[in-house]
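Look for chain A in each of the two complexes below; its partner is chain B in the first and chain C in the second.
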Partner chain A sequence: MQAKRLNPARRFLAIRGMASAMIAFVALIVIYIVFGLREPNVFSSANIQNLLRSMSKYLIIGIGQSYLLITGNIDLSLGSVVGMSAMISATLMTHGTNPLVAALISLVCCLMIGFINGVLVGKAQLPPFIATLGTMFVARGIAYMINGNRNTDAIASGIGKEAGDSFQNVFYYGKTLGVYNTFLVALAVFAVFFFLLSKTRTGRHIYAIGSNMDAAKLSGVSVFATTTKAYMVSAFCSFMVGLILCAQAGMGNMEAGNMYEMYAVAAGVIGGISPLGGTGLLLGTLAGAAVWQTLENGLNMIGAQVGLQRIVIGVIVVFSVLLDVVVRRGTRKRNK
Partner chain B sequence: MKKTLAILCALCLCLSVFAASAETVKASQPWKIALITMDSIDQHWVKLNEGAQAKATELGVEVTFMSPNTKDDAQQIECVNNAVAGGYNAIMVAANGPDAISSALKEAQAAGVKIVYVDSPANVPAEATFSTDNQAAGKTAGETMIAALTAANITEGSIGIVNVNAATDSTVKREAGFRSAFEGTKFTLLETQYGEGDAAKSQTIAENYITQGVVGIFGCNEGSTTGTGNAIKASGKAIIGVGFDKSDAILGLIQDGYLLATMAQNPDVMGSMGVEACVKALEGENLGGAVTDTGVSVLTK
Partner chain C sequence: MGEIIVTMEHIYKSFPGVKALDDVHFELRSGEVMALLGENGAGKSTLMKILSGVYTRDSGRVEVFGQEQGNLTPKQAQELGVAIIHQELNMCRHLSVAENIFLGREKTKFGTLSNREMEQEARKILDDLKIDLDPKKVVGELPVSKQQMVEIAKALSTNARVLIMDEPTSSLTSREIEDLFRIIRELKHKGCGVVYISHRLEELQYIVDRVTIMRDGQFITMMDFKDTTMDAIISNMVGREIKEKFPRVTCEKGKCVFEVKHLNAGRMVRDISFTLHEGEIVGFAGLMGAGRTETTRAIFGADPKESGELLLDGKPVQIRNVADAIRTGIVLAPEDRKKDGLCTKLSIRHNIALPNLDVLCDRAGVVRHKRETEMCDLAVENLMIKTPSVDKDVATLSGGNQQKVVVAKWLARNSRVVMFDEPTRGIDVAAKVEIYHLMNKLKQQGIAVMFVSSEMPEIMGIADRIIVMCDGRITGEMDAGEATQEKVMTLATRFEKKVAIVNE
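After this line comes the complex of A and B, so read on.
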């Protein structure tokens, strides 16, 4: 209520989660400039294009995981569903199925995993960490079994060279208006789920069950329906990233999306999505995914050791959560 | 908090910058070459990088080791994209999946980057390839195992194979060569198991083979071989273990008698010749996509 009397800038920052998102953007700029000073090619337009394309997958899975984090849950099956999506789509395509049909079948399978997660967590009240740990193994198992425990051949071998090339172009190698399609796909996914989260009743319910489950229940929010919707958003995001990885490699890889569930948590958390539920903006996830990719890209480009990459990212994740905890503690004190 | 975070990021990055600073450039043409192997952990790739770095210093060019942290097609493609975006003149690559990386390499070539294969080629024509003839080397491994089994008066029984995955061309060929050596013998070759090149996973696989009562196990790469050797060591049984690649751990296992032999490649030669080829190609020489076998030697106790 106080926000009404503040000037526009402060009112903007008073939006819950906005401050954390902005911090992530500032961190992004700092990181980018530091790398650029060391390796000028970081600033080249070719590298900016490359960065946007590479961050797309983290942005999309980050959105999926953010939905769950905001409801106070987690989706550990996310990375395995990415692999499942890539393997189902690629296997069908190597058997000559039209890419669109292949993608649709894959989408249905992925959404089923999302639905099962929703039932297990929302209805059966299983702890989300355990329920999705189970579906994580199941989905990865399916990814292995789809093509008989083997990666697929090149997708172009089944649907033909032309269809294979166009599939790869649509999701990875092609550009529209000078921007890689992958990034445009990610932006579209972002726009849809940004709208869903911030402008619809479903979105408000997602925040509601994350910030206070009991209060939400008492106000008539269906925990089952809302949780299931969030898990299905996550499954949809995994499905999209599966298609991107399939297009990138031009084949299905059984290990595709390995560890992505954790990268997704990191992207969300760096962007100020609270792992305790109830707060966070997808704008933050956008910044978080960009921070992550800029680090990976920059450290790789200067030839830094892999171990160092992991350490830097680990430290940043911990600091982001620490920030969230400190901010929450501060708010609580002020409210008293 | 905001400041702390920013300062911390900056600090970490500065540290990394110091850690990564490599060599001074002294030649007239300081070409930038990216070396992208399958991962950056196996000693095989570390040795390859050492060979490449030594040659780079000699020729006055810059080689950056830009490998993914695990054997992952998507990550390796990102590394290729990063090298292209980073303005590298040439890329030396060991393809993890020959199909998967091809589109990315074509994109690199379209951007004017020269490609040279080391260890494992992809499906795109490149300037040159420096690799081990994996099929021949695999056959040598098989023959080595048969000789040892015959010497121990074993003429039948089952043999396990620990491979990396079904997509890595080099190890798939080694397995094919190994299998071909057993044609016409009474030994049964079991279904191949995949350990992702991870020593722990490979050890579990090898232990399962031992439980099944195998007389020999073949490891198709460094991690697979280490896992196999450790499993044989733990079982205490006289199983003939033959492997691939050279590392301190593997040499130790051979010294202690748990592994019979390993097929040692010459990754440093690959690295060194690869850099040379990159420079030649960048200076306009046509190498015609020649494939050079860098050889293999059988290391025993």
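After this line comes the complex of A and C, so read on.
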């Protein structure tokens, strides 16, 4: 039929998942302003800088988990792989290994876990919840054992103060063009995976198997290859966050990344990534991670208790999914 | 034979766009087995669903045990004594026989289950039917035939006196069928009325007393089985009026494009051999469950093959998975578009592009947006898919347009063999005609077209050659010119003899 030209704004919102992402952005702005009115320091440039830096971790793991949610799976091992990454890199550095080499070795180990997840879920057809629950324990176990059930010493003790400082600066304390490097790293990760998901063949396959696995198979999509790629993306994201935590602490902490898999689900879900698969945009994850961090930051600044923070966040997660369900039910009725 | 226990008169029922039942009559006496016969879509199941309370009728009168009934709910029907035993059994596989029989009506004493009492009662029911079965056995571990008997026992435990059995023998072996028939006779002696829906006409002689025949939602005839012949039954089932005009185009039949030799893949694909030529549409007729879908899936590489050879343009081709088939140029527009054909959460663009990403992407795997837009726009234009933009979700399209997207996925690339599995199911007449035109166009382009359909008129109207399947085998082949509905139906019900001699 004749291609009716919708106006640009409506075309933009007609992109699947865009509406939920935009709702999350609006929520973000509202939350930010509400906190700012109660506590003007929220608007200070130092706080904004901090906010951007601390949301970076949630953004990166959120991206990893979003890949899995879009395929209709989940990655519970994500947080443990963060810990593994931090511990492997830190332990190697305390033994004097060059930071770059240490990071590479750590990366390979993390990707192995991602690959194993892919085989278990994509090939052996285990339920993703169970398969990644298993690798979650294994990865955490490795994180414990790597330095003999102890946190590591300061990384500077192995590679020297200068190298140690520069490692910490690159990933956490340093700034480039007035912005914390951590945030720039997160933006780079976001850009790469945004491109991969929206512009490439792999990205299309990820949406397709999440939307309808049978139809995807009958279109020649390899479920195994696609699932594995998604788990490896998630493992890569965990690896990056592991490095960031290692740089922040200047040492390896065995409990690093604890519960991050759940934070990552929350970031994605707040941003409108459907846990049922097939829909969602990384733009939403970006908004979700920001909402999460702004809430935490704002509640902190106005002096709310940690318990209250948790409760608020829990309620918001449930509400965003509830919204998704209600909207979905509404459209289904209209299509009938 | 006893008194009349079920009477249904002037039953009407329509669904959006379809008149499912049109002035249908039905009756059942106690102590008889009434066969309810007709092609797929004749309205048998709809009628029985009204009797068992699943659907409500638009108008008409229903009398059960001499009492006139309003609109029944499934629960009310059950209380009246009407039980339905579905083709797919509804059992809790992990529970025991006794637990299944009393599911939802567990016997309790002071709030705790009285298992012993339930087991005893279950044993009594099973013994009455002379079924040798331990009530403590877990249902999932029993063979299908025994599970079916548990269903029957469950129905009897609720004092059912009208039993509706939908294709009860389709998954049974001959030994098990004999058992089932023995139980059906047992039920007859107890004074139950049994409605027996089956396509296996050769079995009827062993148990059936009367037959009711339906066609196109209408009541055709009711007769005593002993006064009729198989031929009379078949001609009553099929004499279907061909109302629509089918746009047939004639083409020169060219060389053989695709040949399948002795393909085997499980029970539903046995020793399948056929050829597809340039310039012809080959129709695959048969009843539902004849193995046609399974055959297309095995050829397409979606299901594993056991043996057999595929030849494209005379050269053997190896197809181990779907990707192989697509690369070779053999494609399948599957039967159930919601389940197998489309990613309904994605846009038209993403759906059409999905199997064609190999040609749409550059070396690095990045989708070339412009080329993709061209492909999708062209497909939308060629197939006249009604949508304002290719970026709309496929879920927003009508059934007919969704079906066109399923087809469009495959026409955007140069395929040599296109298999259509029930391409017109559930779409309106105008959209059907467009699908026919499309198949004709492919035929004129020299593409081999395989057309699976359970609608006999459209097969006879569109296909140039008709291959009939039954029970996983090809039972006959004929040119469209010499085909009659009777011939096709006779071949489509040519089941392997499972029942030999059953002694009364």
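In this text, the second predicted complex is superposed on the first by the 331 of 336 C-alpha atoms of A that agree within 3 Å, B and C clash if a C-alpha of one lies under 4 Å from a C-alpha of the other, contacts with A are read in each partner's own complex, and residues count from 1 in each chain.
Here is the rule we use: a contact is a pair of C-beta atoms (placed from the backbone, for glycine too) under 8 Å apart; a residue touches a chain by one contact, two chains touch by 3 or more.
Given the structure is predicted, the values throughout are model-derived calculations rather than measurements.
After superposition on chain A, the partners chain B and chain C are seen to fit next to each other with no clash.
Of the two partner chains placed by superposition, A:Ala9 touches none, neither chain B nor chain C.
Once chain A of one complex is fitted onto chain A of the other, the partner contacts of A:Gln168 are limited to chain B, with no touch recorded for chain C. If you stand at the C-alpha centre of chain A, chain B and chain C are 130 degrees apart, rounded to the nearest 10.
Touch criterion met: A:Glu296 reaches chain B, while chain C stays clear of it. Once chain A of one complex is fitted onto chain A of the other, the partner contacts of A:Leu177 are absent, as it touches neither chain B nor chain C. In the superposed pair of complexes, A:Ala124 makes contact with neither chain B nor chain C. In the superposed model, B is the one of chain B and chain C that contacts more residues of chain A.
Of all C-alpha pairs spanning chain B and chain C in the superposed arrangement, the closest lie 21 Å apart. Overlap of the chain B and chain C contact sets on chain A: empty, with no shared residue. Across the interface of their complex, chain B is touched by residues 23, 26-27, 30-31, 34-35, 38-39, 41-42, 44, 46-47, 49-51, 53-54, 149-151, 153-154, 168, 172-173, 245, 248-251, 253-256, 258, 296-306, 308-312, 315-316, 319-320, 322-323, 326-327 of chain A. By the touch rule above, chain A contacts chain C in their complex via residues 1, 3-4, 6, 11, 14-16, 199-202, 204-205, 207-208, 210-212, 214-222, 278-279, 331, 335.
Listed in rising order, the residues of chain C touching chain A in the complex are 300, 302, 321-323, 325-326, 332, 334, 339-347, 350, 353-355, 357, 361, 364-367, 369, 377, 380, 385-389, 391-393, 395-396, 409. Per the touch definition, chain B reaches chain A in the complex via residues 1-2, 4-6, 8-10, 12-17, 19-20, 22, 40-41, 64-69, 72-74, 77-79, 81-87, 97, 99-104, 107, 111, 165-167, 194, 196.
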